[in-house]
């Protein structure tokens, strides 16, 4: 029954700003993160304290702690960080939290979430350990590939065209998700995630080999529905592989004849 | 946390008829659509805002909006449309809503739901992106087939014999579900869905290649239970394929000898 | 929204005995059947109104109606029948209900449930359309087999040794479940179910080819846990088949050496 | 509706110490065991009364009874035992309970849970019949292997380094879980479980061939999250096997270049 040992010492913060995580509004980030994570747990995305989610509201970033059972998280477990204050920090690796929970440690995912917020102006970033995502990276590894590609599936329309572009992908478009190799320490993924963002400026997700996926969006709605659509496509792709069906096909568009 | 941008401008409707979606009766269509869609979300049928459901009550059609998270839908999100008014419209593609939600856009599925209501007098139509449905269309595509056929499975008895016919299919009957090719724009499916209805007058469902399925019924009960039975058969069919078992078999009927 | 049409005409019963299905006790059969069926729906056992459950309390038999959505059933939907009165009936096929719901028709499963009650003195009988059960019958059909056999799996210990025998099966015992062929009309299965009971006097379940399974027990607890254990074994068996693992093996018992 | 017959005769205990299982605190072991087991039931870990969980709070051990439906367990169903009193017992096989439920029998898992508490100072031990665990033991049996080994999967970091060691396994570490052969009587597994603990002093889990898995941890949090992580890895391993992907690979570590 003992939770993980305490995080930052209390003397680090003269005022812990608990008001930042106290709200009656179910849409407040400190309430949304626990309810989203509880839902993600039922989907198998955040099993065994793996995975997580972070929400940005203007300058403030709300983060789930490390090592918490995701379906049991409470608003009081949430860290809050200021992007502006963080930008002034001398070290990329040191972070100053406006608000820290009494127990728990900061998540190793923090710099990866920050990359989505600062490089892509995302409003929400989700990290899952979904075994469909992991299986897709394993199948691609066998093929020596660093890209997941799929086309001609309706659910692809669930993705935006890309950063600062309006509209969504079309049915015949090819969804491309880059795969980066996993590192021994999750923080070390940041460099490679940022590289992938630079190389694939329009992607809303990066797969991590043998680990899972990071998915973001302009807001919680978009991050969550893109993450669902992607997990759906990963599951479909694994099942297609088991049935010997290719992920990429050349299909002649079907044109309607009756117009009015 | 920003939802999709607003739909129809307010000036389109002098009175938004909000009373049409306000009821204490859980069986009222504006309450039933959200509760059904929340259930469908747990079944993986409406992942990532895909899929949906519509109910017709006499002349009025209740519709879920586009791009909404289906497990979070509220009665106030529902569109209402009059079939009689729609029939008088000059254009098939323009629709006048009696009631529109403040945010969201109308669903691209709308003309497909209307086809089931006007051509088959359906009381409810459900559209799922179930990956079992998609996998069945992919398996059939490899076989160059435009029909899903299965027989000698008890669950087939969950389907009615057909439009304006009484009674249900029998255990030895072959259930036939046509497959239409997907189009780049969902509205463009309407023409092909209607063609399939004409060619298969007794079907209660049409598969859409690489996309999902449309299922309807005389009322909510029949549409929902037929949709469940069909998804069950699609899952079974995929698993039979993985085990090398044929979907169509020639079985000698078993005749009971003891009568009284 | 229209439910299935009405069942027995009201004039058949001078008094409908509604008190038989009204109780505040959650363990009352009229309350237990709906709560069990709602649970079974989440397990995929009673999809699309298929399957069902019946409880016997001394002389009284409580039955779910035909064609009801199993996760939405209410105590007022339940039929009640007297075994003694039924025994005096001139025809096996005609049944007189002490209590009938206002809508719905009696379930075609009724004579099959009655067989478990009268021939095996069961207190509860469950019928599922679980696709694991159906897949097992399809795999056995390919092998020309009319018996499901599995041994050396711990979960086998979840089954009683047999009718009027005390104790449970052991780990090394072989669980044998007979398979009967499906008939066009569910009532016609009764003859074959009773034959299987005679031939396999110790079985607590009978598989129905391409249809599902009937499982019973001395009481609700035993019927439900045996049904769960069996579904677990069916799922395991299908997955073992996919992995090329045999259901029956010859294993040397492991004997502990340290005694005290 | 009849539950299993009564356990220890009332005269065995002058005072049944019911206060030991009565608390308003949801974190009290007598409340936690039922809520955990209900959750495990939804995961398919404790189907058909199989499996279970036990919590140790200092000298007191709280145990689920035998043969109870795990999703329906109540605090009053819990046994309580004193480790100190048990250590003074003349026989390993006889146990004196401080508190016994009115019905039910003690679980055959009891000596296995006690092994984790006494030999590893665990605070919680979980036993599942998860079919992923069983399938892994079957796959290993075909390979003549008595060890489950997997490496280079992120979720491996969910495991502690070992008994009385601080820190967790790394991404490149190989997780090794011993497999013991199943015995006809569950109590007889104790000897082999203890042998496996001696041979693999740092393991937090032991697989039981054709049966399931025992997982423990220093506290409830660690036992539960390690059990989740392990089940995730078992599922992944089965799916990797189906896709022809190896569980052990030789991967060159990815080294970040940008430091600050």
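Brief remarks follow.
In order of appearance the chains are A, B, C and D, and numbering begins at 1 in each one.
Heads up, the rule we're going with is that a contact is a pair of C-beta atoms (placed from the backbone, for glycine too) under 8 Å apart; a residue touches a chain by one contact, two chains touch by 3 or more.
The UniProt protein names, listed by chain, are A, B, C, D = Methylthioribulose-1-phosphate dehydratase.
Computed from a prediction, not measured in an experiment: that's the story for all the values here.
If you take chain B and chain C together, no chain is in touch with both.
Between chain A and chain B, two chains of identical sequence, the interface residue sets overlap only in part, with shared numbers making up under half of the total.
Chain C has its Cα centroid 45 Å from the Cα centroid of chain A.
Averaged Cα coordinates give chain A a centre that lies 32 Å from the centre of chain D. Of all residues in chain D, those touching 2 or more other chains are 242, listed in ascending order. If you sketch which chains touch which, the chains form one closed loop in which each chain touches exactly two neighbours.
Contact between chains, as defined at the top, is found for A-B, A-D, B-C, C-D. For chain A in complex with chain B, the touching residues are 27, 29, 32, 55, 57, 123-124, 152-155, 158, 170-172, 218-221, 224-226, 228-229, 231-232, 235-236, 239-240, 242-243, 245, 253-258, 260.
The part of chain B that touches chain A in the complex is made up of residues 1-4, 44, 47-50, 67, 69, 91-93, 129, 131, 134-135, 138-139, 142, 181-184, 188, 191-192, 208, 210-212, 238, 241-242.
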